[in-house]
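Below you'll find the structures, each written out as structure tokens.
Okay, so chain A shows up in both of these, paired with chain B first and chain C after.
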Partner chain A sequence: MTWELFAVFLGSSIRLATPLLLAGIGEMVSERAGVLNMSIEGMMLTAAFAAAVGSWATGDPMLGLLIGIIAVQPIALLQAVLSNTLRANQIVSGIGINILVLGATTLAYREIFGARSRAEIPGLAKIKPPLLGDIPVIGSAVFEQVWLLYAGIALIVATALVLRYTSIGIAIQAAGAEPKAVDKSGLSVTRIRYGCVLFAGFMASLSGAFLSIGDIHTFTEGMTRGAGYLAIASVIFGKWRIGGTVFASLLFGAATALQFQLPALGIAVPNALLIMLPYLLALLAVGGLVGRQLAPATLGEPYRR
Partner chain B sequence: MNMASAPAEIVAEPLLSLSAITKRFGNFTALSDVSLDIRPGEIHCILGENGAGKSTLCNLIFGVHRPDGGSMRYRGASFQPSGPADSLAQGIAMVHQHFSLVPDMSVVDNVLLGRQRGLLNRAECARQLEKLAVDYGLPLDPFAKIEDLSVGERQRVEIVKCLIRDPSLFVLDEPTAVLLPDEIAALLDVCHRVASSGRAVVLVTHKLAEIKKIADRVTVLRGGRVVATSDKPAAEIDALVRAMIQGNVDTLDQSAASILGLEPVKHIGHGTENDNTPKTKVEALQIDGLTVRDYQGVTRLDNFTLTVDRGEIVGVAGVEGNGQSELTAVLAGMMTPSEGKIYLGDINLTAKSPKEITAAGVGIVPEDRHAVGCVTGMSLAENIYLNRLDEFTRFGFLQRSALEREAAALMQRFDVRARGPGALFSSLSGGNQQKAVLAREITLPNLTCLVAAQPTRGLDVGAVAAVYSHIRAACERGVAILLVSSELDELLTVADRIVVLYRGRIMGSCVADPDRREAIGAMMAGQPQ
Partner chain C sequence: MTTTDQQPSSAAKLTSKFGFAARPALLVPVLAVAFAALVGLALIAAIGVSVPNALAAFIDGTLGSPYAIAASINRSTVFALVGFGFVLANRANLTNVGGEGQIAVGGIAATAVALYGHVDGLPLGLAFILPMLAAIIAGALWGALAAVLKVKSGTNEVISTLLLSFIGVWLLYWCVQSPALLRKPMTSSATLPESLEIPDETKLPLLTGDYSFPLHIGLPLTIILAIVVAVLLSKTVLGLRLRAVGLNPVASNRAGISYTRTVIFALAMAGALGGLAGALMLQGEQYTLKDGFSSGYGFDGLVAGLLSRGSVTGVIAASLLFGFMRSGGINMEMVAAVPTALVVVIQGLIVITLAGATLFIERWERK
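Coming up: the complex of A and B.
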């Protein structure tokens, strides 16, 4: 493999990992607080659609991104109400939301775009960081990315610091591991969990917007194609740690990137097999390579005083 | 408002006063017309049996529940906490019956939870912890993870969590249930120090020894009502107990009385009573080198070897979590041992299924009766014959009338009180559920061995006495009995011989003699004798 090809592979791995990374970190925070958001997939799809429509209608991708973020919050709020206040089964309610969103976005897409499908949509700009981007060969191939990725990295670092060094951080961890302790210390478990679900929604909306107006500048029906579920898998694979989740996202991203790289190298592997690869990895991860005992103790269980 | 009154009067006023408090859960009245005063500088004990409303009372004070009637006054002002946050802000701190600590966080983080906003200052908190350690004699490593601490140390974390808030009112809900004897002494010492600095301590307990030692005043609850109060509890202890259990202490089953600490424990185990009919030693249960390693490779039970003869009661003592659960789970066939053998007479029961073990004549009264001992959504009759339902089927159909007839007979024999054999099991009280489980296991047709784990947990005095007499009766019939309990008094009362488990090993064994209490306590703490 030549260096150029490797650099392209690295660059596209990062690009393909970005949605998983963004959504995965949000999901990790929510799961640490004890709420499992199966609806991350639906939230991403909503954001992808709303950001695309917003960007196309206003001509400004920044406004599109903003519209995407705003559009997801009601869904996140719905999930939060279902899983905390109404104490619904979190898996069933999440999947319900996903199916609803798939139908709603498909219908709305056909209504709005109709015959004009594949319309060119203004997308978010790419940036090249000053020093890294000037490295020969790999500079632009690896580091010239949509600015949302760099914003996301900053958000992830901030999240790590908040979890480690602030009172909110230990309250989030305690809400998932021992909610009674949170309640008895005078904090509100419900409020913490609502906040975390809304944060997961925010991160998922960045992720969804990246898919449509960051990566390919268009919207297609059901375009998330399970990326939300992969994000959940990367949280499990990453053992509910920031570093682990980032690593798992990159691994899944690289597995996806192989689809485009192997044919370019002239290695004849059926494409369908390669498309399966990240999902196969996720299956192995969730199916037992990672110990279950590492999950937050009350993950998926609504809190009852 | 009372706020305007003179300072001298405020000092004389109680710190907290409850008047005519009533609390209902659905149509069950947990507290009814409860009035009491807590004065600054006193240790006020709340005494009562299980279900008397003690925990409910604490939860009302701490703001977890809100009263349905009556009012509370705190520091001379009306007090209506809407949640723990309100009570904490007012200087009320509480140690709950069950620990609420985050296992994978450090001591410091657990203490800081809910106390600090924004950035955490762990170093400052560690310094405060060290100061408390000196002031109250509560040594702790601030940066140790909770999951690495012993039960006693976790209790210390719970106490430190409260003390660091410098509370005016310190509520402890049955804090000594899981502690070793010298840890209990240390805890009572902390209560003393808190009270002597002018703050008030509310201590909920059903152990009379503690009340004798420490209480300034006692309020006795029974059935959600205040039935007695005393300003001189040590002198009036008998009257208080009588009020608590509503009966004459003298007629109380002796073993149950000794559990309460009413009188010096006398050994009334089976062996000393029946000296005129010497038993021939017949080994029933043989456990040889039993070892259990969990999925992480941690050894939970380490080379456990024990023989229980027919007609003998062997007690397994130890602080909870030292391998008892694994031992009973393996004996019940719910867990596969990593090494070792189990024999019942000549029958090898190692790693057999629960069905085979039952068929061999081993009765199991499990530790957690709700999870594995019964099916709460089925009727009492179905539960009481759960392991023998086959005997009540004809052509594959369950003969309910026969089942309920037989069950009614068992209910009478074991004094299981319920609406009838068809009553839903979950509608029974804890004591009656336990009696039903015991009835099922003890009436196994070929019972040769009974394994009973924590058989009296959560039961009131009457039920405890009944459970003991059934266990003893089975022993008289020549059943080998293995009694696992974290209550040392229970073992000293009922067992012939005691082995002590510590971190999965047998630390030592001795005859069940109350004079050996200190030695057993030391073994429970991991010191070989």
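Coming up: the complex of A and C.
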């Protein structure tokens, strides 16, 4: 493999890892607070759709992104109400939301675009950061990415700092590990968990918008194709830590990138095997490749005072 | 759920007022379905299709002809099998969302045996029974895989069965894409990526022998399995073990009920039923294996299982509802230009409403 090809592989790994990264970090925060959102997949699909429609209708991808972000919040709120206030089974309610969103976006897509499928949709701009982007050979292939990725990295760093050094971060972690103690200290477990689910929704909306208006500049029915579940798998693989989740997302991204790279290198591997690879890796990951998993103590359990 | 508020019994109030026991476990799903159906009607109106026309198309697609009825029932049996599996595993507090993948591996195994197992000359119906058995075994192994991961490394079975679903679906895609596997011999570049049609002897016999009413032996088989599962859950030691492990794995282990064996049994059985569902789809309906084979039926079966709240009769009712809804939805799309995605919206609403109502049902039933 030449350096050029390797740089392309690296660049596309990062690009394909971005949606998992953004959604994964949001989901990790929510899981640290004790709420499992199976609905990440549905939130991403909502954003992918709303951002695409918004960008197509207004001609401005920034407005599209904004519309995508706003459209996900009601879904995140629904998940928060179901898993906190109504104390519904978080897995069942999440899957229900995913089914609803799949149907609703498909329906709305047919209504809006009808036969004019694959409409040209203005997408988010790419930027090449100074210095890194100027590295010869690999600079532009690796670092010329949609700006949302760089914004996402900044958000992830901020999230890490908040989780590690602030009282909010400690309260979030305690809400998942020791909700009773949080309650006794006078903070509201429910409020913290609501906030975290909405944050997960926000991150998932960036992720979904990245898929449609960042990456391929179009919307296709059910286009998330399980990426939300991969994001959840990367949280488990990453042992509920920022660094681990980032690493897992990059690994799944690289596995997806192989689909396009191996054929380019003339290596004949069945296409289906390559498409399957991220899911296989995720299965191995959640199946104990990472060792015994230490999930937040009350993950998935609604809190009752 | 550990404790619940002790409030005056609203169920008792209802009973006295109306003179019958309003059972929330029954009432709430009916209300959820009614609510979702109303939203569906509103959506039909919203997309500018005449509601009476859409309804006429829906009814025509479900009950309009003997063919429509038989096709709907055949589809319902597939949902029901997956739903039984869900209920069975759920008794041990396991959530099997892997129906889609179990259908896929069942379909692969049934196709492989039907086409290349030299079964078509066998007597006594073995020609169609052996592919079904292969599907059952493949599905059981697929389900057991998730169980082993759960027992060995504590992997949540929801995420593992879901990932196994994706893997199963892509495995099927691989099988029909590769001439070395199940793809039919490529005579030209236009050869479709699908398997050969399975031999006539391996197709499921029709109950009437009349293709205008293509009800096949999947129906009696499903009825028998419904009885078996219902008896197993409520009248046997095995059912009791599942329930004990579901309620308290640690205590059951102390009482000598092996957690490992129970979990593996439960998920393998669920997988076996999913695999059999795949065989019914292949041998009773599609006859060739192709991409998209599982058609989302695994998720319909899952929803049927969720709706049933643990009862076999509930699964049957929900499966019939969805089987007919699918047929009606397809006809609505063809005749009245209402996308079938509408049916998916309705299903999603049903699941969300029921999930959200659990708290109330449990409070109510405690009285």
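Throughout what follows, the second predicted complex is superposed on the first by the 301 of 305 C-alpha atoms of A that agree within 3 Å, B and C clash if a C-alpha of one lies under 4 Å from a C-alpha of the other, contacts with A are read in each partner's own complex, and residues count from 1 in each chain.
Convention: a contact is a pair of C-beta atoms (placed from the backbone, for glycine too) under 8 Å apart; a residue touches a chain by one contact, two chains touch by 3 or more.
Every value quoted in this text rests on a predicted model; they were computed, and no experiment measured them.
K.L.:
Check whether chain B or chain C contacts more residues of chain A in the superposed model.
P.N.:
Of chain B and chain C, C contacts more residues of chain A.
K.L.:
Output check: A:Arg191 vs chain B and chain C. Expected answer is one of first, second, both, neither. What do you get?
P.N.:
neither
K.L.:
Taking the superposition as given, does A:Ile275 touch the first partner, chain B, the second, chain C, both, or neither?
P.N.:
second
K.L.:
Is A:Ala181 touching the first partner chain B, the second partner chain C, both, or neither of them?
P.N.:
Touch status of A:Ala181: first partner only.
K.L.:
On the A-aligned overlay, A:Gly103 touches which partner chain: chain B = first, chain C = second, or both, or neither?
P.N.:
Touch status of A:Gly103: second partner only.
K.L.:
Shared contact residues on chain A for chain B and chain C?
P.N.:
After superposing on chain A, chain A residues 291, 293 contact both chain B and chain C.
K.L.:
For a test of understanding, state which residues of chain A touch chain B in their complex under the given definition.
P.N.:
Per the touch definition, chain A meets chain B at residues 165-167, 169-171, 173-174, 177-178, 180-188, 291, 293, 297, 305.
K.L.:
Which chain C residues qualify as touching chain A in the complex?
P.N.:
That would be residues 1-3, 43, 47, 95, 97, 149, 152-156, 158-160, 162-164, 166-167, 170-171, 173-174, 177-178, 299, 302-303, 306, 339, 341-352, 354-359 of chain C.
K.L.:
State the interface residues of chain B toward chain A in the complex, per the touch definition above.
P.N.:
62, 64, 83-85, 88-89, 94, 96, 98, 100-105, 109-110, 112-120, 161, 295-296
K.L.:
For the complex, give me every residue of chain A touching chain C.
P.N.:
That would be residues 38, 78, 81-82, 86-89, 91-93, 95-104, 106-107, 110-111, 226, 229, 232-233, 236, 270-273, 275-276, 279-280, 282-283, 286-288, 291-293, 304 of chain A.
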